[in-house]
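Here the structure is laid out as structure tokens; the discussion comes afterwards.
Going in written order, the chains are labelled A, B, C and D, and every chain counts its residues from 1.
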Amino acid sequence: MTKGRLEAFSDGVLAIIITIMVLELKVPEGSSWISLKPLIPKFLAYIFSFIYVGIYWNNHHHLFQTVKKVNGGILWANLHLLFWLSMMPIATEWIGTTGFAENPVATYGIVLVLCAIAYSILENVIIRCEGENSKLKEAIHSKNKENISIIFYILGIATSFFYPYIAIGFYYIVALIWLIPDRRIEKSLKDN
Amino acid sequence: MTKGRLEAFSDGVLAIIITIMVLELKVPEGSSWISLKPLIPKFLAYIFSFIYVGIYWNNHHHLFQTVKKVNGGILWANLHLLFWLSMMPIATEWIGTTGFAENPVATYGIVLVLCAIAYSILENVIIRCEGENSKLKEAIHSKNKENISIIFYILGIATSFFYPYIAIGFYYIVALIWLIPDRRIEKSLKDN
Amino acid sequence: MTKGRLEAFSDGVLAIIITIMVLELKVPEGSSWISLKPLIPKFLAYIFSFIYVGIYWNNHHHLFQTVKKVNGGILWANLHLLFWLSMMPIATEWIGTTGFAENPVATYGIVLVLCAIAYSILENVIIRCEGENSKLKEAIHSKNKENISIIFYILGIATSFFYPYIAIGFYYIVALIWLIPDRRIEKSLKDN
Amino acid sequence: MTKGRLEAFSDGVLAIIITIMVLELKVPEGSSWISLKPLIPKFLAYIFSFIYVGIYWNNHHHLFQTVKKVNGGILWANLHLLFWLSMMPIATEWIGTTGFAENPVATYGIVLVLCAIAYSILENVIIRCEGENSKLKEAIHSKNKENISIIFYILGIATSFFYPYIAIGFYYIVALIWLIPDRRIEKSLKDN
């Protein structure tokens, strides 16, 4: 089986997830600048989630560069990742409407952890499918980046109940770590 | 005519169907955990339908692996399938908002039956188009899986008027049967 | 310039148009069968529009089979067609919520005429771009189907102010004429 | 890395942005013609934004014709452009619901400027990635069109606080300048 449709379907779902979040930015009642004020936390939350979905799209793109063919396991591991990513819009909206309140920020962190775990599972399923000579396995010797991310997410979730803005800071650091697409894969692809 | 655009269009529609269902998970008013409570049945219904649409996408993917070229009949049989699948979001929402009530669960079952029939029609139209040496015909000697599914759906619909949760159990069994993508097609493709 | 992205973008827009219409089928308040009653006209309108957008997708698919390369004129003629097709969801909703009232049915007919004209313009722009040996020109000697459609639409619009259901009948006849994808193009492609 | 998925993802996002704007055209309560009246400014705003997103899609299409391979920088510059384009629906809705009021028209202009800047950044990142022999650099000797556009946008924003309709006129002139897809790129592609 070829990977073409898996990529096309994932692109479609990610494009919808990233754009659906805009629907939450409801237009203000009046035309004064002050009427825009309640949009500010929603807008900040939108920027943040846009970057996160963008990161996942970039890394998904890199990940499947190494993949030659797909099987049933990869299809489902990919759908599992898309499922948790589809929780991003609602988590974003909860943050935005409550103005970065404690529980919503914690929930957002939980969604991020679940996405990270789903991504890691997808990597493992691909490596198992490819067997001994997996290019991906070669590219990701250690899962340092993945492990550090999960630690920061957990720190963020724990902090969110006391200082939600600091929690956002932790999530932000993980975003920065991943903003640069996976050089390990780019490097490995070049070497082969 | 090539199958490329039929696949791309179907991927697009399925990606939208699967993601539109998230829009029904309306964000709670407050930021307390209790305010999430009414979301629980909606969330369970979403998971269930996500898996079902995922199953259809997987099997659609497998089905068209065997197809070389398409004609007007296949285009319309495919649109017919997409039409019934597009009823999934509204059926899901009705289950979610009523908390798995009798009529909504029965309606959900009816939508599932109509999707299954539409899928079966699509299989038949493809086989008729390909003629004698149809790879798909070879792959699906018997339609056992299809027939068992319809029996379970009908059992589910009948049960739903008395015990909606048991009805969901019947639908769940069918999902498990199909969760494993169609090995018959994978096997047949390998043999050729 | 290749036609790949024009097809992909059109598939995306058409997939969204066809699926957005489902969002108008708002879930009933209660769980009784009677609560489904106001959905009936909306559901009928949805079926009708689904078929119409399906027809346009099929014919668009056929149309671009003959096209080798695209220019700026074709890009804009295509966007013009997509613009009028994007009016289908709102026209459908107006029919559905008013239960096939006079003005909405007339408006629906006007949208159908504008789509038909936009499609015809797209055909002409493609033929002009391809020049003398246009395969499409060969395929469509006469524009009988196009002309008959517009006559029926106008009859429908005129009738809609007195008997909206008869107007829908006229629109339905045009749908039947086009339901069979454009054999003229299929035949012409085979001959070459 | 190939550009295929970047194009597919961008097509998806642009298709959703262009179609989401239709959702703002809420169906009128009654079935009289007068009930359509509040839709008129929204409809005009929709046409305007449809053309603008169409222009960006056309130019994006032209831009990536020259690109052979993509890197992380291009992926992010492209996401940055998509982010500002995703602000179009909400800016359009604000114009439409307030009937072309001062602040909304100014905001619309600001969004247009930010899209133009993001497009310009994307061009620069592509040129830097391609290095000395960049086809795109050759095609765009001077950035006259880009610079004139930004001047007109700023004129529009300044005017919008006094005469919003004249501001729309300025934005309209820029649309006319770009309506014709980038001949510079078409010409350059032909020469090579």
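In the analysis below, a residue touches a chain if its C-beta (ideal position, glycine included) is under 8 Å from a C-beta of that chain, and two chains touch if they have at least 3 such contacts.
On a predicted model such as this, the values are computed, not experimentally measured, just so you know.
The pairing of chain B with chain C is characterised as different-residue: of all residue numbers used at this interface, under half are used by both copies. Relative orientation of chain A with respect to chain B corresponds to a rotation of 90°, obtained by superposing CA atoms and rounded to a multiple of 5. Averaged C-alpha coordinates give centres for chain A and chain D that are 27 Å from one another. Averaging C-alpha coordinates per chain places the centre of chain A 37 Å away from that of chain C.
Residue positions of chain A touching 2 or more other chains, listed in rising order: 8, 12, 15-16, 23.
Those residues of chain D that touch chain A in the shared complex are 1, 5-6, 8-9, 12-13, 15-17, 20, 23, 72, 75-76, 79, 82-83, 86-87, 89-90, 93-94, 97-98, 101-104. Residues 7-8, 11-12, 14-16, 18-19, 22-23, 25, 27-28, 30-33, 47, 50, 54, 57-58, 61-62, 65, 179-181, 186 of chain B touch chain A in their complex.
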